[in-house]
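Below: a set of structures, written as structure tokens.
Below, chain A partners chain B and then partners chain C, in two separate complexes.
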Partner chain A sequence: MCLLPLVVSTGTLRIFIFANFLAIFAMSWDILSGRTGYISFGHPFLIGIAGYTTAMLTYHLGWPLYTTIPIAVVATMIGGTLFFLPALRTRGTYFALVTLAFMEVMYHSMQVVQPKLTGGTRGLSGLPTLVSGAIPNYYLSFLVMFAIGVGLWLLIRTRLGIALDAIRMDEDAVRSSGLNTTRLKLFAFMVSAMVAGIGGALYIHYLGSIAPRGIFEINFLFTILVAALLGGAGSIVGPIIGAFFLTFLLELLRPYIPGAARYLIYGVIALVLYYYAPKGIYSFVELLRIRLTGLSQAKKND
Partner chain B sequence: MTDLLEVRDLTKTFGGLSAVKNLSFCVSEGETVGLIGPNGAGKTTIFNLIMNEFRPDSGEIFFKGEAISRYPTHERVKLGIARTYQVPRPFSEMTVGENIRVGMLPDNLWKMVTEETEEALEIEIGRSVGFDDHQIAQQPSELAMGDLRRLELARTLAIQPSLLLLDEVFAGLTLGEIDQISELLVERKKYGLTYVMVSHDLRSMAPLVDRVIAVSFGEIITEGTFDEVVNNKIVQEAYLGQ
Partner chain C sequence: MGQIIIQGFLLSGLYALIAVGFTMIFSVGRVLNLAYGVYIMLGGYVYFVAVQMMSLPKVPSFLFAALAGVIFGLLTYQLLVKRLQSDPIAVEIATLILAVVMQAAIIVIFSPSPRSMWPLVPGVIYVYDVAVLKNILLATVVSWVVLGGLMVFVRKTHTGRAIRAVSMDPKGAVISGIDPQRINLITWGLSGALGAIAGVFFATYTQLDPGMWVFPLITAVAVVIVGGIGSIVGSLIAAHIIGFMETITTTLIAAELRGVFTMLLIIFVLVVAPKGLFGKAEL
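So, the complex of A and B:
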């Protein structure tokens, strides 16, 4: 992955950059929804908080990025928590709907409330970028994605991972094991918000612009969801695989299916997944690993 | 003996049905109590109320002298009450060992993340209910009903409760499995475990309880030793109908 810029064109590299960001968002979604089973339809909402915070601070006040990005991440965690705390008390479908509502509310309020600040429908453009050019941006996004992946993996392999998994399987039984599930969910949520915040802020400064229609769009939401589910929710590697697979699938389809019609593929993917691999692509990787290690085990036993 | 659990004037209605009516009873430390009654008498509801899975309409619950009626479920568990479910509810995508591990988890994020799993203890708890090492690595879907009940028991024992609420632990088990669980309970009782047990299997329950409380339509009909209660005329009528 490190030598990639040497072998591919700038255009392809830009696709990889998007895949890196999508992987960050998918991991963020997965640590909350893939683990605890609380399906969030509001991740663009979180990404939006981060994006708008850093965009407005740099655009209007001219603050440097090394202050606005951390502020944006903290704002996402605090803002997200304030809004989601009531939502975490609801369950299943209700949680999904409540979070979806937040995204819609944010979409419209960003356009009509204080358009001078937010840039209204058009958003803000001409934002400063952290690094310029495809190659540095590729390395930056890849390193951040990789670091987040490793960080989450280290966190999840502790007993926290098992506690979050248990919530997905039977929350009442976790509670009757003496665990405060609200606190666990809140923690998972804050980690998720932090990752979404980092990804969102960096993404905005990669694009150099922010617009409500780009972020609070149902297709963007579904891209994140499908990436996580396609790769295999409840694993760290899964969402990364899913993000890359999906990004390139959409790019390959671009010449054949123009515009938003490409997103019809999500329906097809959902069906295929449902029938053949409910646990995503990652389950094949796992299966292969078990086969291979199983074979070597069997050989040892002989 | 001091009261470990005291339930005072507990009432719970579902719509027009009163599941539990002004129910009061005590369980002393080290005592083992059987809770019997016909189907729908309110036995499981009593457990649900003690664990705060339902909120009572009125009444108080005391544990170790503390009024716990306003405590959420996990706080009650941390004080030392644990229950098993009538229908075993294992974490389906985890191994037996991991299921037990959930019971052992501390309710403290920092400790949860930084401390290592005590695998030796996990295996010990698994073995104490009769699992072999092969089974400890298996998933619940591979287990028989008796094993699932033992898993339910293991997970609750992992919480190290001072009061255990056992809901139909013998249902659907073979005689051999019943013996195994009975032995385990007798053993735990020796070490001072207090439990309240709901069961329809009166014969298996008899040697395991010091005292029996009979309920019908959410009210206590009578209490006393096992023989007293099962020979009670009202109890027999409640069970068999008039």
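So, the complex of A and C:
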């Protein structure tokens, strides 16, 4: 992967960059929703907070990136917590819709509230980029994705990670064993928000602009979710696999099918794949691995 | 002032219909149908096609739209939900993907831009000196009639009582000889019909737009959260609270902020009274 820029064109590299970012977002989603089972439809909301914070700070105040990005991440964590905390009171099912509501409302309010600050419907553009050019961006996005992947993987190995998994399986059981599920969920949430914030801030500076459409949008949400789900929710590698798979699927279809119809086909494929493999590609890979290497490996995985 | 009261009341009727159609599936099947908003969207678009593109008369078109909702609901259940039923999260996700797919389909068939629909009944009527669109009045009347019919259906007919039985206790219902699959099927079809009917009116109230399935879904959720699960009265009252609040917001503040107060209300209720007004259980 490190040698990639040497063998592919800039155009393909940009696809990879997008896939890297999608992987970051997918992992961020998965840490919360894939692991605890609380499906969040509000991730674009978090990404948007990060994006807008850093965009507004650099655009209006001209602060340097190494201050605005951390501020954006913190803002995401704080802002997200404020909104999500009450939402966590709803059990899994309604949580999804409440978070969806946040995103929708953000979409509308961002266009209307203080348009001078937020850029209104058109958003802000001409934002400074961290590094320029396809190759440096590729390395940056790849590094960040890798770092986040490793970081999350280490987290999952701790008892915290196991507890989070347990919540998905049976929250009441976890609660009755004495653990404070609310605090655990909150923790998962903050990690998720932090990763989303990092990804969001960096992504906006890669793109150089931000606007309500494209961020607070169902399609964006959909892409993140499907990436995580098809790849394999509840694992670290899953969302990464899913992100790449999805990005390349979209690119593959591009020359064959015009604009709008592409999303339709793509959605149908996603639906069919999900129907037959709700656990994602990764679980399929795991299954193969167990089959091929025999029982001993399976025992070791337990 | 009178304007707000009357408009608020009218809107609330429609919202009540939307909410009831949504919660039916949850009470009976214990799953969230995120594609519910699609019934609303379908209702609107089918009516549009029938009346404005094919020039069919209004009443048959209306029934046709309702039928489209029923069919879509049944298909969704048969093809998608039945297999994934054991995993509620999978159903949520699958229905969400379905909704997005339908949105894409609408974009392909029609176009991404919103369209205005002609009102079912043009013109204005004066109620207590307040100008009210006849169309919206019709929407509210129809909503209440349908809701009333639903209540009768659920209490007096055999099937209706079977639905209630399954929503109270699926296992007990099976022991009593009810077939839960059949009941689920009927419920999904019914939910589709309700959604489509609400959708025809909703589309005339706002606009036809491929993304229009999201907002009613959120409204339905808000009504359930505020009113409380398992309570019809709660849903009705909540629908009115939300309907009035929205009307006040759009009339006095700004039209775009329509959903903001609903969202704040959701948060408020979740923090202060998670069971909702009349809820029998926490969500």
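One rule holds in what follows: the second predicted complex is superposed on the first by the 283 of 302 C-alpha atoms of A that agree within 3 Å, B and C clash if a C-alpha of one lies under 4 Å from a C-alpha of the other, contacts with A are read in each partner's own complex, and residues count from 1 in each chain.
Following the convention adopted for this analysis, a residue touches a chain if its C-beta (ideal position, glycine included) is under 8 Å from a C-beta of that chain, and two chains touch if they have at least 3 such contacts.
From a predicted model like this one, the values you see are computed outputs, not experimental measurements.
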Q: Could you check whether chain B and chain C clash or fit when both are placed on chain A?
A: fit
Q) What angle, rounded to a multiple of 10°, is defined by the Cα centres of chain B, chain A and chain C, with the middle one as vertex? A) 70
Q.
Touch test for A:Leu271: chain B only (first), chain C only (second), both, or neither?
A. second
Q: Would you sort A:Phe187 into first (chain B), second (chain C), both or neither based on which partner it touches?
A: first
Q.
With both complexes superposed on chain A, which partner does A:Ala173 reach: first (chain B), second (chain C), both or neither?
A. first
Q) More residues of chain A are touched by which chain, chain B or chain C? A) C
Q: Answer with first, second, both or neither: which of chain B and chain C does A:Leu155 touch in the superposed model?
A: first
Q. Counting only touches as set out at the top, which of chain B and chain C does A:Ala163 meet: first, second, both, neither?
A. first
**Q.** Three-chain overlay, closest Cα atoms of chain B and chain C, distance in Å
**A.** 9
Q: Residue by residue on chain A, keep only those touching chain B in one complex and chain C in the other, then list them.
A: none
(Q) Under the definition above, what is the set of chain A residues touching chain C in their complex? (A) 37, 39, 41, 83, 86-87, 89-94, 96-98, 100-102, 104-105, 108-109, 111-112, 218-219, 222, 225-226, 229, 260-261, 263-264, 266-268, 270-271, 274-275, 278
Q. Chain A touches which residues of chain C in the complex?
A. 26, 31-32, 34, 80, 83-84, 87-90, 92-94, 96-98, 100-101, 103-105, 107-108, 112, 211, 214-215, 217-218, 221-222, 224-225, 254, 256-260, 262-263, 266-267, 270-271, 274, 282-283
Q: Sort out for me which residues of chain A touch chain B in the complex.
A: 155, 158-160, 162-163, 165-166, 169-170, 172-181, 183-184, 187
Q: Using the touch definition up top, name the residues of chain B that touch chain A in the complex.
A: 51, 53, 72-74, 77-78, 82-83, 85, 89, 91-94, 98, 101-103, 105, 107, 109, 112-115, 117, 155, 158-159
